[in-house]
Each structure stands twice: as structure tokens, then as C-alpha cells.
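Heads up: the structure comes next, in C-alpha cells.
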């Protein structure tokens, strides 16, 4: 505690989770998206964390799992089966895909749920089975689930009980492409996406491939043509074009903990210019708190959104006539996961979507 | 702007700098400590930035110099000579040593000043001349200056007009050592400090030695026995022991942008145990908002305070009987510079010192 | 020296530069490509370094500029104007573009020259002027210059006196594309190249943009559509297709010191399959010492060629029917610069091109 | 293969492992020290690899486990129990401690063995049991084992059959300290060692603590007072001083894959000066191929020995009268492991110890 009494400022928010108006449960608090929810909620005026689950770490303090969270006054971790949801209003579900469907199915129907896994992102359960190698275990919940790309589906999210929070790649890709496809400014064929992600996207699981020695000072593509975010991206784009979109998508693993860039190569509709694309993205972003179209010619850097919920984007002429290059950057753990999840729950609870999310980017 | 109206939350702070009760000037806003002041003040309830100077970038927007600050509504950069201080209540001075003395001398005497340079840290102007190779240009101001190690000199800071903000190394070293020396628990002879710093401590100046290619994937000591933070450390420790302390201090440059660790090897006073040290640091830190003594045996990591104003510390038995090892970690740009500067101005202005500083550490 | 007498092994090569059969001059030894030439030649059986120039560091030892070269017995740095070329057989020119043309023009015509700058890569001097903003200062030498992409122009290089060593991006891009275009297996329109480079490609000059703090933990594109390697790439591809090729080329700066990946998105000629591409690249690489086509499905990593002259490549099906994804990786300082330069001089001097170049990749 | 016929140069070494005069087995080739042996031997004139074991990867090619080794013509991995040692002359044992004792015990007595594990480093088997928590399983072999710190025990190593290769920390620490203690230039009490290591020292095992996201952009101490290299260091120093030495040793994990620095704080014997230390280390290193004492005042950087078998060191005055600061740097995988192992086997086989080890440091 501090020697000086707390003013009506951030601190009052932080210290008294239980006095906040909305009680939150974080399922899977021992992973990076879970801990990021906890970090971001520390200064949220209305959301207080009263339940945190982590089956393998049940009984431990969050500080023993994530020492950077030691400064907050938080409940200990419990097994999800032991969690008491009687006083909980909403949960963030940060669990692996597959098990998530069973767990959300078992939650009280009164709870608002934002699910950060992939389990409710694909409307077509057959497609889920194809890409995830197992049948969907909660098809009826799938019908109810709303896809949580806030800037695109704001109204639906406001009325949702279960929101499927988008993947990081799909967020960085759809934010610029959906408005441009809606306006028929770009062709939906031959969309080529070269994406680069920080390592935190792979989670905290101990895998040889994610060791410092295997990742530092190099780059490599992975999941070429087979990455599980492909159907999510194509679903989102196809909804706009009303015809099946097939994209070229190649993700790369980068030696950085946070950050994601999508470099998108598109064919403009005949007669359309890069200025047309720029003007349209300007209109789209003008009213968005978290989307920034940079000045013409300025290149977005992932470093400049680190730790924040912002998406920076810009569009450039290609040397090949009729083509354009779109670059968008986000922090994969914030706008690509936990930040957007809070943005969605803000809407679901009737608060301004930027509530508690105005963290500035951390640079350098 | 956001589609939803601003609630009484972070946003209201951010948007209307000019409506905040205290108007702030940031001198030298184009460097890392200056931009960090701007980042941290974004969510401060009372401090609003109305003047930012950067002589070589005068006329530019801060966003063109630091794109991560694009989200804030801030004045353009001006030359310090063109700055209008008529409506300014306090300034953070983030300029290089030397010139700083002249510039602060020229400021209206009514302004509260927190100086982040080394120009007013050494009470003995002869020592300043010895270590900085030039005579002190404002000896009278030096007499007035208060050393801004908040946890140690809180009362003096509350009444100060000009505060000399401590260096990053001296902060990480004095926070654990001053209480232990005060209590006569450790000897002041043979204090050996092996410190490790992130690269941002070297500033944003273009130097070959700080290129990515020269720093990544390696470590090296620098300024062995000659680092300019030595007299500041020895002044602080000597004040407590009331006899001249000479420390062994070896800083190392690390491949990380932020973060600082001091590993301190001390001789305990005869009869004193490591538990005695631990208990005393516990009492010291218990009432401190920003100082955390970790549980016994838990090792502080710089990553766990990144981006925050916290200092984590712990003490360990050495294999050599009678000796102990103290480890303290901070973010060199926050508790080691801009965060502590805001903590100090909060006190000087009569606000709780934690006001606007409760950013959680960013991990990973 | 070693306590044991030197055997007929690596050491004998290293110690007696002057006794080696070919005497080498390194012009611009204080940059990264120059120091890499010196590193690689340490174990070359026939090439000995007798002259090293660096105008701003004239008089200094190479070890004072590059401490990692302290182990070799090398001459001190001299200004190029003071260099004695009377006993020199060949030079590697590692100077900035522009000045290079004057300096090579002034060299004795008897010297074999491998130029690592961009000054003699573009046959069309008008194109040089367009992209480099200054007229070509040695058009007659340009006529004589041979482009040094070893695997493609081996015979011409063997008979050349002046070789223009390719840029790093053009090397990684042309090695897979030239054979495929020659065989008419891919279309030359809509070739989209997303390239990623380590920071050493930017040289050792002190620039803010290349500071550790500006590069670490992030990625950004640069020189979008305007990178100076574009005309070199298009020249090389147009030579094969016999019609003007316009490529989409977007380079990205990565937080790694060495390494380069080009991810290339191509349209296959109608009826052609990815297997056809694979089989053709297999035939191309089978007889190449330094080009490896990985097993089907195996993704090249830049880490796996670090410090070596090898190029790893592979080809993958795209989700978009008729398209393929080609990935090639090199070390930008070795196969992308100094290693290929030595490979070329080996040929020019009648030695096997792999002589002294069989360094294994350094991993991790 | 190369289009040009192979000269009597590096290549001939590489290609025909089986034609080399000494046949080598590498036990545990799927770890970092094993793969480093393979990398370094690629250009060794006399040592050819004919057996490589890796129980869990038995049947696979080394290239599938370490793609950077694809360029060499090597046998597939086999289980150690299936290995045919009939044609093998010597083995490098790169296995975990514990199992190593059983495996070496079971090897044909005719084989020369260099063991890179900790299993034979401690002469006192009781001490082994104390620090490794299990009884020594081959005490009789322990009697025969020679400690392989080449520069200090060269003669014993030349006549050894089983060499216990030193740990990385003990190598970097003993190389400067042993000569100084032998000459009574420093006190053996109050030796304080602050060491920093790259992550590869932790091996390739999948551990959460070694993930990129857990290691990048930060530093932390580990194993404070309890690191298993302590008894090895104290054994080596005590042998010289002929009285039990107790050191203060604090290792730190750094965000770098390779490299190790030991910063050593010592008390000089009364009347001794830093110049005396420097002159003595100069004499010690003058005849050593792999040990370099830098010019006075020049600070060793780990980057400058990366990938090489060199140790750079220097000595500096401390601010505390009578004390000195010694800094030594090595590549933990080369001089700290696999490079020194080859240096030792060279001696055991009667070859110059530098044979095949003259790789230059890789910088940047």
C-alpha cells in the first residue's frame, strides 16, 4: 500500500476488484492471453476479477505464475471445476480449442462469455471439423455465437451473450480488407497475404520450436497454406463478397515477443486508384478509436502499437500497375486477443468500448 | 474520436490536456526520457502537456518523431527559446547535461522543475567539474536542488522547487542499500556492484556502438571504474554512513531496450544474518507503493517490471560466510527516469505520488 | 602462436598471408562486407591479404576497428590513395556506391576486381542515374563489367576482369526464379516478392533507424516500391524472359543481424504443377555446391545458413489454384555479399569456386 | 557436389569422413553440444564422424534434426545400444549427467573418450553425490579421468584416455584465475564472480523458462549460490592454492544464444598492482593459440568470440584500492564445450591442439 491515501485515480480502480460493478472470471489465467486480460483490467473502472482458473496451477497465486502481476490484489487460481460462478457476471475464456466447447457449454447460461479460442469462430461446424480434426462439441452454441471483430460487427456484439473473439491474423487482415471489399475497391481474387507474428502467439507451452535459441536472430515461414486462421479469414471476406474467397496466406515467425504485421498484396478494381483506397480507409478509420490510418507514405511499425489496442494501417502503390500494397500492424496479444476481448465485453455490458483500454504503446 | 461518447474514464484524461489542472512543459521531447514522460502522462488525471520542445525538430508534430504517440492530442514541438511558459506550471527537463544548467537558469523562477539530466545531482560542484569535465554553470541553483530519490527523500521533495531526478543505476542501487546502511546491517566498505542495463539508457543519439548489429546477441562491460553515475552513488551512500564510501561499480550493456538489474555483493555487519536484511527490507518496502520485496528465494527478473514504475528486489545468502547478494530490478526509463520524475512532481504538487503511475508491467 | 608446431592444416593458411599465391587488397575494410571478406579469407589456401584500406581509420589496426579479427596477422589500414597495389593481384571493393566508380577507374588495369557496391550492376547507365540520382562516372568500365551471380553466369565470370557482385536481395530472388523462368515454368507477370532482411545489410553507419532500440522486437517494411535493388532484379529476370519484367518487391527490416528470406508468390504457366517446379529446381541445384533444395514440405530457416555461403530453397503449393510460393534463404553478408565475392574471385583466378568457402552454418 | 573438381582444400576434408585417419563417434548428437562437435569437425583434416547416436531420434538423418548440418555427408542417428564401435577410435560424449557414467563404463576400453557432461569433473565422488543428488556410478573410471582444461593441464590430457571436459563457466573463470593464483598475485578469499551466459548453455530441452518469450529483452540471475558449476570451480582453484577456496558465484541468463562473460572481482595480494596482473596474464597467454589478453583498457565483448574457440580476457583496476576486475569471454558452446573437447582430443591423438579449430569469430 502507499503512504499517501488513494485519490479518485487509477489506484482506486486497481485495489478493490470486488467493489467494481461487474465481476469477471478469467478461465485459463496461466497463459499469455489470460495474463494479458488481467494486466489490462488492472485499470478498468467497472470490471473486477473475482475468479481465475488454471487447472494445472490450481491453488497457486497468480504472482507465482506471472510475477509481473504481483502488484494486483487478485484471487488465487482454482480448477475450472471448482470455480464459483454464482457472483460472476461475465467470463473471458482463454483455454485451448476443443476443450473450450465443453467448458462453455457447462457454464451458467446467464454468463456473458467472450471466448478467445478458435472454437466458435467458424459458423460452419463441418469446416471446424475439417480444420481442427475433431467434431464440434457445441453446435447449438455455435448458432448463438457472434464473431467479435468489433469495428465490423459492433451492433451484433452489443446484443450478444457469447462472442467468438477473432484470431490475431484475421483481425489484422480483415480490418483493412473488409471495408475495401465492401466498397468494391479491390478484387477478391488473388489476395496475397504475407504475415509476420511475434512468438507470444504460440502461447506459453514448452515447445522446442519456440525456445529462444530456435527463434532468435532468424525468420521462417510456418503452416504454409495450412494455417488454421485461413478458414476464419476466408469466412470473413466471403461474407462481404457474397462469393467464396480463397486467399494466399503465409505466416512467418519472428524474433519478437509481441507484434504482428500483415503485408497484403491486392488487385484494385478496374479504374480504382490507391488514393481511392486511402480515402475510403480514412473514412472508415476516422470514427474508430483504435484504428489509425497513417499519413500518406508513412509505414506502420509493429513497435509503435506494442502493448496497446491500436491498429495502424496504410496503403501503398505497387510497381505492378493496378495493384496496391496494404500494411496493417497490431499487438497480437492486445488488439489481436485480450484487448479486443475487453473491447467486446465493454459493448456487451453497455459501456463505451474504449473503457479501460487507453494504454499508450510502449516504445522503445 | 470514438463512436461512443467518452465516459468518466481514462479517455477524458487523454483528450483534453488543456483542461487538466496543472499545465506541463516537456523540454527535450524528442529523446527517450521525454517521450516516456509523454506516454506516462497520457492517463494522468491532473497533468496536461501544453508545451513540448525539441530544438532540432522544432515545428514538427511529436507523432512524426515518435509514431507511437500519434494517438494523443498534443502541441507541436517548438525550440526551447520559442516556448511560451506563461501558462506552464511545471516542466520536466529531459535535456543533455551541461546545456541543462543554462536552460533551467533561464526559466521563470515560478516554475516547478524536475530535471532528468545529471546537472544538479552532485551537491559538490567541484565533483561535477571533475566528472563532467566542465565547470558547473548554475552553482546557486545547485544549492536549491533536492535529490529526487522519492522513497528516501520524500519530505524534502514535497517542498522542493527544483528536483534533480536520480540516474537509473543510482536508483536501482540506493533503494536497497540506503535502508540497510542506515540500519548498520551491512558494511560500507567492499560494496561491489555488477549492473546490467538496457540500451535505451544510452538515448536515441545515432552512435555506432548502439547499432542493433553491435549490441544484439552479446554483452560487454563499459565505463569500468569511470562511469559518471559513480559519484552520485557514492554521494548517496556517504550521506547515510557519514563517511566517504567508495564502491566498485561495473555497468554492462545488454541486448534489451528497457530494464536494469543491479547485482550487489555486500559484507554484512558482524552478527547480522541474511534474514535480518530481509526483514529490514520488508519493513522498508511494506509502505512503499512501488517497491516490492519478493518472497524469500524468488529472483527478480527485469522483464517483470518492464514499462512500469516498480522496483522488485530480494536478498540472498552468499557462499562466502558473512556476505550477502542483493538483486534489484527496475525499468531504466520509468522508475529509473521518467516514472520517478512524475512521482516526484506528484509530490511537489501535493498529489498522491502514485497518481497516474499505476501502469502494470508488460510481459511478455 | 601455439605451443605445438603448425601442421599442414588451417593454421598454416592463416598465419602467412604474404606467402599465399594470390595477394589481395580489401578496399573499405572498416565496413561489414569488408570485415566479412577478411573473416572468410582467414582459411583460404591461396588468397592472402596484403592491403586493406579505410580512409577514416587509416593508420589503425583492423583489430582496433573489428576486435573479432584480432587473431589474424594482417596489415594496418591505409587510405586508398596511399595503398600500394604493386604486389596486389586482385581487390575486393567494399565501398559505397558513387565513389566506387572513380576509385575502380583509378586502379591499375591489371588488377582483377570484384566490386560489392551497386555501381556496376546495372548495364543501362541511364537506369543507374535514375535510381542513384547521379550520372554514371565510368560508363566504359560498365561495358566491361560482368554481373556476378555465380550459379547463373559462371562462364562469363571465369573470363571477367571486373565483376559486379550482386545485391543480397537480387541473389536470394534470382537463384530460384531465373531457372524457373528460363524453363517457362512460371509467368513473368505478377511476381510478388515479400523479402525480409537482417540489419547488417544496412551497414555499420551510425543511423538512428538502425539503433538497437529502434529495431529490436519489431518489424517494418521500408523502401516500398522504391528500393534500389528493384532495377537489378528486373534486369536479371528480363534477361531471361526477353521482355521487360516488372516485379512487386517489398523489403522488411528484421531484428536479426544476419539473414535474408525472400518469400516469392508466382503464377505457374498453365498446365505446370508445383512438382514440375520442384523437379526443375532439383536438377538446377544438384550440381551446385552452395544451393540446396530442401526435401518436399521442409521450410527453409534463415538461421540454418547463418555465417555460410549456402542458399536453401523450397517451393510450396498456394491455396490459390495455379499459384506457387517459393522461399529462399541466404546469409546476406555471405552468399549475399562477401562469400559470393570470394566464390567469384575463385573462378576468375582459376580455382574451384568453393575454395575456402566451406564454412558450416552457425546454429544456434 | 560442385561443378569443379575438389582441390586439396577444405572440401576434401568435408566430403570423405570415412577416409579420415581417425574415426569418431558422437554420443548424443541431437543436442547443441553434439551438433556443435559435428559443425566444427566438418573441416577437421583427421577426424571423421562414422557413428552418431541419439536414442529418441534413432533412424533419422542429422539433417532432419539440425537442418544446418544438411551440407555434410554423415551417417544416420542410431540408438547408443545399436552403435557399432568396432571401427571407432574415439568418442565425444554429449549426454546428460547421470546416464553418462553408465554409458561410458559400457564402452570398449580401447576407445579414447572426451566427456562433455559433468559426470567425471569432480574427483571427490562424495561431492558429486552432494551436488548431483545421486551416487557416482563409475568411481573407478573417475580415478582415471583427467580434467580437460587444456591450457592448464595440457600434459596430463596428452596421456589421458578419458577426459572430463570442463563446464563453460569454470573454463571462463579458471583461465584467468589459475595463473594468477599460481603466482600468488591475488587472494583466494573473497573472489566474487558475476557471470552471464547465453541460452544455449541450457540445452535444447523444451522448458518454459527457456522460451523466447520468457528470455528475450530481459536478464535474471539463477541458481544463486546453488549452481552445479560451483564445486568444479572451487576444485580447480583449490588445487592451485592448496587450501579450500570458497567463491561467490552468481550466474545470469542473457538474451543471447551463444556467449559467456565472467566479471571477476578479486583482492590483489598486498603490494601487487594491476600491471603485475596484466604482465603475468600476458606471459601466460603469449604462447596460447586460443587465449588473447587484449590491449590495456580494451574491454572484451562476447560477440567478438562468437562461434570460435578463443577466450579474450583483460584486467582492470577497481575503484576500491587493492582490488582488480578481471573480465573473460568465451563462446559457451565452443571453448566452453565442443571446441575445447576437440582441442583435447587433438592432444590425446597426438595432433597439434589447434587442428581444425581455426574458425574465426562471427561478427556481427
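Order as written gives the chain letters A, B, C and D; numbering starts at 1 within each chain.
Keep this in mind: a residue touches a chain if its C-beta (ideal position, glycine included) is under 8 Å from a C-beta of that chain, and two chains touch if they have at least 3 such contacts.
Computed from a predicted model, the values in this text were never measured in an experiment.
**Q** For chain A, which other chain has the most distant CA centre?
**A** Measuring from the centre of chain A, the most distant chain centre belongs to D.
**Q** For the interfaces B-D and B-C, which has the higher count of C-beta pairs in contact?
**A** Most C-beta pairs in contact, of the two: B-D.
**Q** With chain centres defined as C-alpha means, what is the inter-centre distance between chain A and chain B in Å?
**A** So the centre of chain A lies 34 Å away from the centre of chain B.
**Q** Could you work out how far the Cα centre of chain B sits from that of chain D, in whole Å?
**A** Here the centre of chain D sits 40 Å away from the centre of chain B.
**Q** How many angstrom between the C-alpha centroids of chain C and chain B?
**A** 45
**Q** If I count partner chains per residue in chain A, which residues reach a count of at least 2?
**A** 32, 200, 213-214, 216-217, 255-258, 301, 303, 306, 364
**Q** Taking touching chains as linked, do they make an open path (line), a single closed cycle (ring), a hub with spokes (star), an all-linked set (complete), or other?
**A** Per interface graph, the chains form a complete graph.
**Q** Where on chain A does chain C make contact in their complex?
**A** 189-190, 192, 194, 196, 198, 213-214, 216-222, 224-225, 230, 246-250, 252, 254-259, 261, 263, 265, 299-303, 306, 316-321, 323, 325, 327, 364
**Q** Show me the residue ranges of chain B that touch chain A in the complex, using the header's touch definition.
**A** Spelled out, the residues of chain B in touch with chain A are 1-11, 14, 32, 35, 39, 42-43, 45, 66-72, 154, 200, 216-217, 257-258, 286-289, 292, 294, 298, 301, 303-308, 310, 312, 351-364.
**Q** Could you list, by residue number, the parts of chain A that touch chain D in their complex?
**A** 32, 199-200, 204-208, 210-217, 255-257
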